[in-house]
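Following are the structures in question.
Look for chain A in each of the two complexes below; its partner is chain B in the first and chain C in the second.
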Partner chain A sequence: MNKPANNLRNAFSTIGKSVKREDVIEKVTGEGVYVADLKPVGMLYGKIKRSEVAHARIKRIDVSKALAYPGVKAVLTHEDVPRVLHYGSPHPRSVSCTKDQYILDDKVRYWGEGVAAVAAISEEIADEALDLIEVEYEELPAVFTPEEAMKPGAPQIHEVGPGGNLVLDPVRVERGDVDKGFAEADFVLEGEFSGGRPMPGYMEPNVCLADWDGSGKLTFWTSTQSSFMVRGILAEVLGLPRTKVRVLVDHMGGGFGAKQDCFQHEFLCALLARETRKPVRMEFTRCETFLAGRSRHPFKLWLKQGFRKDGTITARDMRIVFDSGAYGSHSPGVTTVGTNSATSLYRCENVRLDGRAVYTNTPIAGAFRGYGVVQTYYALDIQMDEAAERLGMDPADLKLKNAVREGDIAPSGHAIVGHGLEACIEHGTRVFDWKGLRQGARCPDPAASHVRKGWGLGCEMHGSSAYPGIKEQGNALIKVNEDGSVTLMTGAAGLGTGAHTALAQIAAEELNMPFESVSVVHGDTDAVPWDIGAFASHTTYLVGSATRMAAAEARAGILRRAAEKLQTTADALDMVDGRIFLRASPDSGLTVAEAMGPTPGIPSANILGRGTYEPTKSYSFAAHFVEVTVDTETGLVTVDRVVPVHDVGKVIHPIAAAGQIEGGIQQGIGHTLTEDYIIDTETGRSLNAGLVDYKMPLSMDMPDIDTVILEAAPDPGGPWGAKGVGEDPIIAIGPAIANAIHDAIGVRFHHYPITPEDILNALNEKERQS
Partner chain B sequence: MKQIVELTINGDPQSLAVEGHRSLLDTLREEAGLTGTKKGCDVGDCGACTVIVDGQPVNACLMLAVEAQGRNVETVEGMQQSIDILHPLQDAFMRHGASQCGFCTPGILMMARKLIEENPDPSDDEIRFGLSGNICRCTGYTKIFDAVRSAAAEIRAVRAQEETV
Partner chain C sequence: MRRFAYHEPKTLEEASRLLVDLGENAHVLAGGTDLFVEIRERLRDVSDVVNIKNIPGMTDITWDPAVGLTFGALVTARQLETLPGVQRTYPNFAEALRLLASIQVRNRATVVGNLCRASPSADTIPPLIADGAIIHIYTPKGMRRMPLAEFFTGPGRTRLERGDIATGIVIPAPAPDSGRIYLKHGRRKAMELATVGVAVSLDRDGDTCTNARIALGAVGPTVLRASAAEALLKGRKITDELIAQVGAQAMAECTPISNVRASAEYRRSMVGVLTRRAVKTAMEATQ
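The block that comes next holds the complex of A and B.
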């Protein structure tokens, strides 16, 4: 089955419209089932005992008191569980991951790592039993930063891997002749950049529920973005065929990339259920979402670029070190994607890049919206602003001049097909009134001279798939039922983005049937076609294309069946809005229900449409225009207004797409100004694992956002040109804010979060120097 | 030791046997089978568990079930006017894309309902302030503000019409 051509139609019946999301009625009535809402009869509660040291060998672990505690049904330690080395995140069909973890080991590698698990008849009893487990540790020297971890002779955290606490061999990229490029430069900029440890902060704490039946089959409900990946790792580690593991997820309360590992608690929950022969539910506390969740990778980056007087970039040299924490998780992917991203965004033919990920005795960094690119483009975009300043150019003009173009080689190694960055910058410059604002006063109220305004621009591009790191496959199955209704079966997870609605829209559009006739079945690995998981901003692009292929096949089947009934040929027929008619005489025809239903001699039947799609790469683009206020007395930065301009190729559901952009901006504001999960560098303890001390932007902190969605560069690989949007906003907003702060107070920051204290210190320093 | 707590939930008088240390949140979710109210933190930091007790919004994770003795508790499950008529806020949340993952939604709906009841025509700042105890991590709040504004306007319009009749 070939992919349907993106023949241009002027009018779309369903896509491009903000139809009612099919899954939202359950969310607003409270009926939507999240895993923590399930409570099968006889269910036990699972809890995890966590390490209170950062690096140690477990000398002795005594669970006898816990086991004897009334109400406790099982306790598991490293002595009781299968010892199978596995990956945190083995994206299927990918070899880019590191096998470096056991379900439980006789070693702990960070403060907060699980060392034992309990199942009991109530949550309270399980909690109390944790305190009765005695663990004796032999402490090992620990390292809490990549600098320490990379020193010769540093304690080694893992026996596996290339050594030197590296998670993987360094990622090196070289294009052109960097030395020649620097020799041709009129001036060179060089800087060091760094970033903290932002957390995804999804509202639903990780949760799973395991139940085994008499045949030895595991049914496993879990809040995951990648149910087939969870099925795969559970099956491999527990030694089961895939058919003996069924993973279910209906609603989930956010993930933002981080819920695409198979987590330690998921194995333990399954094993506790097997041990007790009862269903066991395990739900993280908010604190555990920090200790055992996944953060963005903290980083250090060194960037040097050569520029000509006309603003051309002659050479780019970059080194980046990602802090992976105690396990590899997504570090191979993040390092590869993050490092490669510096080949592009702003054109440069001579590039030399080196990216590393390093183990430390800190909580695990994993996948998180923006996947390594947040870090790289933060540095790259800020340095472009510096170059503009040096050149006496408007940063928007310099960025526009260097913006990646059609045919340039993308980070993936492909020529860029559609490029929308110029359009985003140009459009935003106009609607934001960039030039006008930047000519205005930085101090709008002379009576309050400590309050300063600034305007900044940040740009980004991001792939709508993980290719070439992972060769993805999207699948869809469509059933046209005997009453003319349509069932779309997809493995794509619904983590809150509205993906299922977008897929239903795509199916309805290609079928040319009403949106309401399409229902979506998802979230059951026994029932739906295999799916790689909802990540890499690829669901609309990848699964959307597969859905469109399936719909095209189903549509052809409907027309064939109608032809039989009308005693004509399928090519004599057309179908519009669910009505089939003869092209030659449009008044005679029949409905899909009539085509599918029985007539004498022809019993009713189903028609199947299948779609399998393996994309290459497309890129989405964005330019964020930001206005900030900086109070130079308190150091407080307020983001007042954001105009995010995004090129998404073709928008399927405008409100859902805008919602992705606005939510990404919220997280990005947090990361840039207030959010940092802090690990004590003496002990490795978590210092702010809670929602009061880890400060996320709330309703009072949000700026006005005037979202602009452009369809500047449709990509032939996506349905009607559609590309991804999930990750883009969080990448562009950070440098836009940092650049706006510079515009307001004339101070450059090369790190995030930029706290009020940083602002005050920098202003004091500036004063001392002048 | 379990105690019997008698309370009204969404108009239904109920008597539930609960341990003295049980929160109202766990009691609603685990004993009363009302899982619409969510647990995002269990320590009063996120607002996902917001319910209305005797007309006042409370974090159900911070209130003991025994404290609800004799009181009137309203949750998201009681918001619909009838099986097929949604509360204007619920409808507005759907239309405006104010619910993404939906985990914050029940709590925000309860808080917003209270806000509109007290202040039928809230300004943008009043909406922001009214929802400042409820974390939503998906939407950036923009669409939530849109939905609350629109539902408030709709409720005002209906009221105005009722008054003229």
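The block that comes next holds the complex of A and C.
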């Protein structure tokens, strides 16, 4: 079945409206069930013993005391678990993954890695038993930064891979003639950039619950964004047919991309349950979400661009090195996407890029909202600001002049649809009063000369869907019920974003039935169609399109059934707001329930709509306008106001979309100013694995945000032109803040987080030099 | 969370005896906002929890113009913070309370608990030391009272001995012409541990400072008095030059360390900035 054409109608009944989310009552009353709320009869508690060295061979591991401890039911070490080399990142349909991990190995590769697992009758006993496990290590030389890891003769962390501690072969991209481009430049800017180790900080720590039935089938509840991938890798590593693994996920307390690995604890939980023949639940502490979760990749980047006097970019040369930590996880994808992103955003015909990911003996970096692009565009956008300064141009004018345009070749290799970025910059410049503010005083109160204000702009573009890295596929089934309601069956996870509400809106819109008549069944691999996972800002775009196709098929089925009852043909009928009628006489007709329902002597109908959609890619765009205050005596930066302007093609649920944008800004402010998971570069120990000293901004720290959502560049690939919004906001806010700080105090920062201490040191240095 | 035994004594005498008998891993529970987190995160070994919330006589808040403000060990931070009299008379203490953790935590946490935890970065300690607060302690030998400034011996350590229980605080009434302020430096507006905290309480005669107390938080093993900086202020007319000298002297007197929150150098320079700002504001403040 073909995808329905867009813009069939001008007026929409459901999409574009902020309908009440389908999960809102459960969530606000606390009735919503998360995996940590489940407690089947006889359930045991699993805990993981973690390494206290960064790189070592395990010489001896003695669990006898732990096993003898009252209440302990099982202990597993590397000697007890299947030894299968497997992927960490569950995208087996992608070429971009690395088989580099075992469930447990006789080697540890970072401080905090699991070395054994315990199941006991209480969490306290399991925790106490961990102390009774004796591990003797033979320490190995370790490397904690990519610089150390890439040195000739550096200790090798893995036996697999291309060598030199590379996770994958370098990603190289070349377009045009870079040397010629530099030769044509009037001036060249060159700079080094770097970034810390931000964590996703989801509210719900990783948690899973495993239960095996008498037939040898594993039922596995887990907080994951990609249930079918967890099923696939669990089955592969445990040596089971996929149908013997059922993965369930209901509500999730966030994921931000980082819950799309198959984690060590998930295998161990399943194996403890098999060993004890009891259900076992394993829940991370907050500390473990740092040690065993996934961070954004720390990075080092070198960027050189040539400019003409009119602001044209003549050449771009970039090298980026991502710190993958001890395992590959999503590094291949992040390196590919992050590196390729530098082909675009600001137009340049001559581009040469080199991206690498390097193993180090530090916690694992993985997928995280922004997926390599946060790092690249931080550098790219700040250097554009520098170019504007050099040219004596307004940065907004320079960015607008170079903004990616319709028909330009995107990082994915596609032609860009629409002028989304230009629209965002132009609109935001007006509503923020960019020009007016920038003409104002940087020191608003002469009596408080240490308080300075600045205004900055950051831009971004980001793809919905992971194509071409992954050949994507969205699936949906819609079942029409005998009471006239419909059930949408989808494998797309609901991370807390409101994705299921958006999908239900899309179904209701296409069916032309009330939103309330659509319910959603999700998160059960035994019941819903195969799903690739909720990532890459693609759920609304990809699964939304599949849902719309399924709804169109279901609608046709309903009309055929009604035609039988009315003894006419389906094409003589129409359905509006759930009422079916003859086009020729709109006043008479019947409801969907009357069409579908069993009546004496006539059974109900079996109507199923099916949608499968294999998209390419669309790009969303954003420009963030930021006002900051800098206290030049303390170095404290306050973000006072943000005007984020986003082009999302067609907005399905305005409040949910704005929620994504505000949340991305909150995370982005944290990454830029306060958040950094710090690893001691002498020992590899985590120095702030917890929310006391890993400082996420809280509600009190949030600025005023006046979100603007534009529908400037609808993409034919999404339902009614809709594109993604999940990742975009975290990308633009960072450079916007860095540029605003420069505007306030005249100092450039090429790294994040920019701490108060960095600000003071830079101001002192500036004073020394002048 | 690790397992522990739980006790609910009905009197101070009974609680004290329990603490003596149960040994050093028995801990008092009042608000519990630090204790339970520390047990859960295995920062403290706790064999026994002795809940003192059923002991009568420690929930009162009283004001006497001659004595000052008196409150018991079970009075929560939020109770004190929301009292208009506290906000008016001790704006420095009220500010420290407002900046302590979050409203949810302050609804449970007790001020005396915050003191007994003896963190060098505790928000309530600097203003109470600067205002000359007295702590009341039940001991097996009888009641004791001690200036809060002498109560702390190191990070997490106080002069409380086994069987001792802090029962309350008295903050003397401020002098008629005086100013007081607490400035907290942190990177968040709530749920934040101070990188540096500075409390300044001044008695004044016109634009002359007649007496000064400066307490510095998070820049030493305990909250510190900057006595030499105080001496510079005493009996002097306050000028910008003097304020700069006082700030420099406070920087010289503090002994910060470097950790993930900030470097020692940064903390020291913040002591200078905050002390200067605090002295200026305390001189201008109207009580």
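The criterion applied here is as follows: the second predicted complex is superposed on the first by the 763 of 770 C-alpha atoms of A that agree within 3 Å, B and C clash if a C-alpha of one lies under 4 Å from a C-alpha of the other, contacts with A are read in each partner's own complex, and residues count from 1 in each chain.
We adopt the following convention: contacts are C-beta pairs under 8 Å (C-beta built on N, C-alpha and C of every residue); 3 or more make two chains touch, one makes a residue touch a chain.
Only a predicted model underlies this, so the values are computations on that prediction, with no experimental measurement involved.
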Dominant toucher of chain A (residue count), chain B or chain C: B
So, A:E128: does it touch chain B (first), chain C (second), both, or neither? second
Who does A:E633 touch here: chain B (first), chain C (second), both, or neither? second
Thinking of the overlay built on chain A, is A:K27 touched by chain B (first), by chain C (second), by both, or by neither? first
Does chain B (first) or chain C (second) touch A:V41, or do both, or does neither? neither
In the superposed arrangement, which partner chain does A:T497 touch: chain B (first), chain C (second), both, or neither? first
First (chain B), second (chain C), both or neither: which does A:A441 touch? neither
Counting only touches as set out at the top, which of chain B and chain C does A:L698 meet: first, second, both, neither? both
Identify the partner contact of A:G690: answer first if only chain B is touched, second if only chain C is, both if each is, neither if none is. both
Where chain B and chain C land on the same part of chain A: residues 124, 285, 690, 692, 698, 700
State the interface residues of chain A toward chain C in the complex, per the touch definition above. 123-124, 127-128, 285, 287, 633-636, 673-674, 678, 687-688, 690, 692-693, 695, 697-698, 700-701, 756-757, 760
Residue ranges of chain A in contact with chain B within the complex: 18, 20-21, 23-34, 36-37, 39, 124, 200-205, 251-254, 256, 283, 285-286, 495-498, 655-656, 658-659, 661-667, 690-692, 696, 698-700, 702, 705, 707
Which bits of chain B are touching chain A when the two form their complex? 19, 21, 29-30, 34-43, 45-46, 48, 75-77, 79-80, 86, 90-91, 93-97, 99-106, 109, 127-129, 131-132, 134-145
So in the complex, which bits of chain C are touching chain A? 1-3, 41, 185, 187-193, 260-263, 266, 269-270, 273
